[in-house]
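Labels A, B, C and D are assigned to the chains in the order they are written; within every chain, residues are numbered from 1.
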Amino acid sequence: MSDSLYEECGIFGIYSKNSSCDVASQAHLALYALQHRGQESAGLAVCNEGLMQYHRDIGLVPDVFSKDTLEKLGSGNMAVGHVRYSSRDHKSRSNAQPLVVRHVKGSMAVAHNGRLTNAAALREKLELEGAIFHSTSNTEIILHVITKKRIHTHKIEEAVEQAMGEIEGAYSLVIMSPKKLIAVRDPHGFRPLCMGTLGGDTVFASESCALDSIGADFVRDLEPGEIVMVDKDGPHSIKTHCKGLSHLCVFEFIYFARPDSVIAGASVHTARLRAGVFLALEHPVQADVVIGVPDSGLDAALGFSRQSGIPYGVGFIKNKYIARTFIQPSQEERDRSVRIKLNTIEATIKDKRVVLIDDSIVRGTTMSRIVRLIRETGAKEVHVRVSSPPFVNPCYFGTDISSRDNLIACKMSKDEIRDFIGADSLGFLSTDNVKKIAEGAKCGFCAGCFTGEYPIPEPSIVQKSKFEYKISEEM
Amino acid sequence: MSDSLYEECGIFGIYSKNSSCDVASQAHLALYALQHRGQESAGLAVCNEGLMQYHRDIGLVPDVFSKDTLEKLGSGNMAVGHVRYSSRDHKSRSNAQPLVVRHVKGSMAVAHNGRLTNAAALREKLELEGAIFHSTSNTEIILHVITKKRIHTHKIEEAVEQAMGEIEGAYSLVIMSPKKLIAVRDPHGFRPLCMGTLGGDTVFASESCALDSIGADFVRDLEPGEIVMVDKDGPHSIKTHCKGLSHLCVFEFIYFARPDSVIAGASVHTARLRAGVFLALEHPVQADVVIGVPDSGLDAALGFSRQSGIPYGVGFIKNKYIARTFIQPSQEERDRSVRIKLNTIEATIKDKRVVLIDDSIVRGTTMSRIVRLIRETGAKEVHVRVSSPPFVNPCYFGTDISSRDNLIACKMSKDEIRDFIGADSLGFLSTDNVKKIAEGAKCGFCAGCFTGEYPIPEPSIVQKSKFEYKISEEM
Amino acid sequence: MSDSLYEECGIFGIYSKNSSCDVASQAHLALYALQHRGQESAGLAVCNEGLMQYHRDIGLVPDVFSKDTLEKLGSGNMAVGHVRYSSRDHKSRSNAQPLVVRHVKGSMAVAHNGRLTNAAALREKLELEGAIFHSTSNTEIILHVITKKRIHTHKIEEAVEQAMGEIEGAYSLVIMSPKKLIAVRDPHGFRPLCMGTLGGDTVFASESCALDSIGADFVRDLEPGEIVMVDKDGPHSIKTHCKGLSHLCVFEFIYFARPDSVIAGASVHTARLRAGVFLALEHPVQADVVIGVPDSGLDAALGFSRQSGIPYGVGFIKNKYIARTFIQPSQEERDRSVRIKLNTIEATIKDKRVVLIDDSIVRGTTMSRIVRLIRETGAKEVHVRVSSPPFVNPCYFGTDISSRDNLIACKMSKDEIRDFIGADSLGFLSTDNVKKIAEGAKCGFCAGCFTGEYPIPEPSIVQKSKFEYKISEEM
Amino acid sequence: MSDSLYEECGIFGIYSKNSSCDVASQAHLALYALQHRGQESAGLAVCNEGLMQYHRDIGLVPDVFSKDTLEKLGSGNMAVGHVRYSSRDHKSRSNAQPLVVRHVKGSMAVAHNGRLTNAAALREKLELEGAIFHSTSNTEIILHVITKKRIHTHKIEEAVEQAMGEIEGAYSLVIMSPKKLIAVRDPHGFRPLCMGTLGGDTVFASESCALDSIGADFVRDLEPGEIVMVDKDGPHSIKTHCKGLSHLCVFEFIYFARPDSVIAGASVHTARLRAGVFLALEHPVQADVVIGVPDSGLDAALGFSRQSGIPYGVGFIKNKYIARTFIQPSQEERDRSVRIKLNTIEATIKDKRVVLIDDSIVRGTTMSRIVRLIRETGAKEVHVRVSSPPFVNPCYFGTDISSRDNLIACKMSKDEIRDFIGADSLGFLSTDNVKKIAEGAKCGFCAGCFTGEYPIPEPSIVQKSKFEYKISEEM
């Protein structure tokens, strides 16, 4: 029952002109840089002269890959990597990616970020044609659609091109065939995907920070709808599905992407500073110090401070040793204190009027605890400012907002929320300004979770319920 | 580079009339009893009111299942279990069974023992129709064939029945659908499969020792070609494919099956004693003591002793703590002694003329080391007797004899083998007598690996090589 | 609540003339051969030019030592190894051996098999002089006594010699100082210890099977009371404490030692055969087959068969995959069947009058289950013969018979035991004959657990209870 | 070959009036808060009615303690906890704390932070009296000295008091006897130790942040030389050794302590802000942005910004998923980029004159890489400011500055260092101002590592080399 939002995945691919390049190590380092996009599972597939080897499992990158595992994957000329957040209750090894399948027309490895809107209909159609599914992931559907096309085409990129005519929704893909590496971005460009170059080799990654981590130079973002196929003759672009649309998920700038990434030409860090600037303009307040909730509220807090002139302060220490394996204290212990994960710095807060910045409010429970903590530390006033608008709608494109039931903003007015979290005042970034935070970004945005306006039709509920198979994931 | 033969798998299934039976625990205990049939991976699927949960991984049963894992699998009314030996060089998690798939007509879990002879042709056909494969196992092919039939049939047992018309070779199967448990044996009955009853519940197992382990009563073996479907109305038999053929792998009696199992009405232990009796009759020798190579040669040694009147002795101690994780000593250390895994008992051997019994000779290297060990211990003579004929042909039905290159009997005459292993004399059980060891067995035998006469045509080499996909298993 | 008896420990030492010998690997292999003497913890210390490194932990040898661990221990000219069974309820890492301590007179590593009878008094005296103890083991007491002497002596062997004047009870020791390896056996010779040679290097081991495992040649057993010190000039014997006593634990021949070991010039396997022969003479019976309880009853069963002329049969299959991590079935499942660990072979037992041989009866519960199992398998009669006399006294010298409360023979008459275990007849080996089983053994025996006659005074209970410190072991 | 400084340890103790309090959980949470003081090993001992149980191992708190382990430790009325950084090359399980020993006068558990200056002399003396040592830690020496006194005293606090007359150097201790909890701080107060109260129970911790984490209220710091003994009558103070000295390690304020801790009445966070303020005053510079090296340079950077008026910026993203198990990239990969662990934010740095703040420079190699990284990101100028003076002397009191050889400031002039790290200018905090950063702190400081003036004589080298025992740690 997490009170945070999650991106579904991060993807990476590399094509080297050197047939015995240490592509596994490159991909492994890149996955570390993309780990923030998915912490549930990680995986890598390497292609060496057409032979594909892979390893994937539940866990963080360092849990999944040992030195031994990397060495066994060996060298090659291509690799595809993936990190995943699973929105399900329990983690499933069978949903880890990249998916790797055998086929008479050549093997294939696929890494996917996003979510299809016509998954249920596609899956039913495929199953009635005899397809069998080993997982619940959308990615397996994509694999089937591509394979169906591939039987009748000469080139895999043609199969991908045709498949794009059938799948709908959000998808950034990196696909590896025995001889080619193919990167794909859906026609709306919901999820980011960029291309880089590393000593003449071609790399693809969800974010530019992954390019930095391996010393690659950023080349450009893929266009919405673009297919880039790389083979021994270098990268080749197919733009059949480029329809001039552009609906990048605005939450990439607010929270998902790493601050050191640059998306659509705009710095993510700068966008968050600007969100703080806009907040200061929209919801000014008299106060003594501006503090951010670590780590995601810090940038906006600095922006708010710069615009408002209220000093920026360090209000919290986040315990970096509290790991995923943290043994929860008993309820009694928890009530006694919440300062295990996050402690306040009294010198910054005591007797001060505090502006507290965070990137979003989902269920409100975490923010409520944080406000109480600040009051206990001696703050005279607590003014909460949120660097995104209220969530009032589900997301169908890969963000983990499954239902309105868990969204506080669907159930309470702004004043009620303020009272619920115990703040003296509360301000959200406006839906107008949220689209302006990425100054100079060469793209349009999807802000459906805030506005309810989606660039493509919402999937019908009927389809969803019909698709309730009685099978549970692998433990 | 093992010098032993391996069975491919052991399977188990249970259908309880009690909808919240602890079927996972029952299956777990049964897998312990079947562990000798496969030590590479283990798995279990449980069905609770149509909801299937499963767990499978590389390792022995105690490695794969913790108390926690079993509890998570929970109770239900059906379970399917599997242990597997992988003939490949490295172990693959993706080949672990049971396979569990989702489908609009109902989920399905399958456990398989055997090998298809038309796998390559079937797979190519399926792939050209759009099927994609996640593993290299024959079992996935069977799943696809059944699913193709299932789309157009009302009942899953009809789909299975139709699928049996397409798949050829050796297969014993246990299949679980949301409401039914189905056991299948191929029309030749290459691999064993028996049915038992446990307080009114129905169980299936590769061997009767698995029934004993959970306190179930043996009912009968499935007939070759028989389908037994169990649902709430109890077991129901379908005999469309029962063609009166019977070709049980004779090596089940010689080595694979556990001595306490009864197959086709014959005791495995007694069969091995009789193999020793026949050996004593075929290859008599003057000697002071008969010893068997632990554990598989002990029964035949006792039989040889009884027939010949030469005293039975305990010649070896096998170190039971040398586990799979044993760290190999360096070559120098190994040369100095082989007595880490197997030490001799001098009191039994020294100054004696020794008859040494083992169940088979594959490459001859192990036997050669054992004979040297006995001589070093002071034996005056070493007479080797083998309770099976020489291997001169590959097996296409699930035994791991992949090629003639590794078979010493394909490369050397009997005298050359005797000299290679350093014995004073050498005798193999005759192909005539090997089929008689299972006294009273109500079945015929396949002894193709000894005789070259197979009950169904050998798969063509062309098909095999064509099927060499360049993809490696998951690490 | 085990129904078996346990030896406390196995020890090993090696001194190589080669200063960079792979002594860790040699010791590691030897510990595999001694694993039957202790399965709770294992450890190794290596000395390389005076620098001692060690590794020890709870678990079997393969659990404790990885390839990596062995490599880190590195080469050297001496090593000491230890396996331990802990009689305590929970396992303690702090009691694992060898103990290794630093001291200004030189570091020291000690491996110990046995138990002191004056431990409590010694410990109290030492503590009142300022000594502090990190464990509850007797071995730490020995270390303190030696160290106290060492301060005032020039040579460590002199300190050991003096320490032997203070410690009383059972102890076989291997001690490593920066330059010397010292083996010690207590003046009664309760526990075995032998010396071997390996290409000119000197080795010591609890049993000769450990010498075989590394290809070393057996030289001789240490005399009771003997100290053998090995340095660059080779082994040197000190016999100050050799008082002509000899009281080897007779249970070494009955159960503890490995059948392929030779102790005091007598084969352990032959001794067990002879125990069966004596049993047949003492307690003859009309029957159709003789079977032994695996593994420890098999040798005596063969001896009984040879003497009586009743055929030897294989009555049981023991599941070798049931490991220490076996998840216990629920009580209900257990009641339904005990055939998971041990299944019967019906062909051997059904409609037969069975003689059943085991090495000992402790609490009687296991034997009672086994007799029931044989009856369920169809035996007409079950005649139990036990190849040792009834246990009626505790052991103070290292065997885990802590109190009379757990010994069935202290509470019931022979007839009552027969009825309790459900046998048709019951016969124990006589106390006269038990001392004769090791034909030609050049030693006397302690059979105090059977006779109540101990070679040294029993420790007083007062001392024991006084020594109840309120501290629990490390988890 | 780390380029950082380490504190040796963090300690914690709790005495509850409730005899079945969940003291293990409290201590466990507190160790999380103290984890920054030592990441090599962790341990806990619990006392329940005089019975002590403990668990300790190599690893971080979450590695060492599972839910199961905590439950086994159980409830009690006292607990002692410890986290340790080992300055040795390889980690040793035998040096993990708390040390727990048995003794006829009562068991004892000890947790220690600091280092003795007369350790070598004490140890030699003790060993010549017959003491044996299982570890290389100073703590074992303290245990011996206390035990020697304890034999002749009635109360453990008297033994501690007398022992303080013999041990010299830095030590903060928490000691648990069967009935008492004793906290001790050396007469100079080198290492911090504070007392808190939690619902009437008494707690001790190295830092106040540990009190916050369990919801305890801060009471006061222990005075230098003070002993606080807690038993059923509450805390009782012994001030025999309080000599009016006060030499708290100043590096606690600069780096070791957590910013949310308050030591000697001064906020650690505020002290670091002030260090930045002093730096700005001492070494002003014209620049566009001030950035700190995460995490330890951030506070001083904010202080520098406030004083100088140069805007504070976020210059780096630190990858929080790079764990201790991070697989090092090959040298080639490393040369290509250092941006795996630490990436720059171009928007903050490019075309800017940058002031870069870190807390200290040890060997200079890390700072050199960071400066290069900033230049590659496009900075026009890089001005390095260090919030502590240059290290030019070793520390004998628990900070890991073993020798002058690794200190860049011992080998180069300030200008040479500037050139070595590639900065445009370089400024260190002055030794005068470093003692003033903790405004209002009610204590004196030891700044020996900067000034060479130590409050007690340096240990002689002779003693040290004499103490080179040839024994290596347990692996």
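Everything below uses one rule, namely that a contact is a pair of C-beta atoms (placed from the backbone, for glycine too) under 8 Å apart; a residue touches a chain by one contact, two chains touch by 3 or more.
Fair warning: this is a prediction, and the values are worked out from it, not measured in the lab.
Common neighbours of chain A and chain D: there are none.
Chain centres computed from CA atoms place A at the largest separation from chain C. Put simply, the C-alpha centre of chain B and that of chain D have 60 angstrom between them. Here the spacing of chain B and chain C, counted between their Cα centres, is 37 Å.
Chain A and chain B have centres, each the mean of its CA atoms, that are 47 Å apart. In chain C, no residue touches at least two other chains. Listed by label, the pairs of touching chains are A-B, A-D, B-C, C-D. Against chain D, in their complex, chain C makes its touches with residues 49-56, 69, 72-73, 99-105, 107, 123-124, 127-134, 136, 143-144, 147-148, 151, 178, 469-475. Of all residues in chain C, those touching chain B in their complex are 22, 25-26, 28-29, 32-33, 35-36, 39, 60-62, 65-67, 70, 198, 209, 212-215, 258-260, 262, 267, 269-270, 295, 298-299, 302, 306, 311-314, 316-317, 319-323, 325-327, 329-330, 333, 336-337, 339-340, 343-348.
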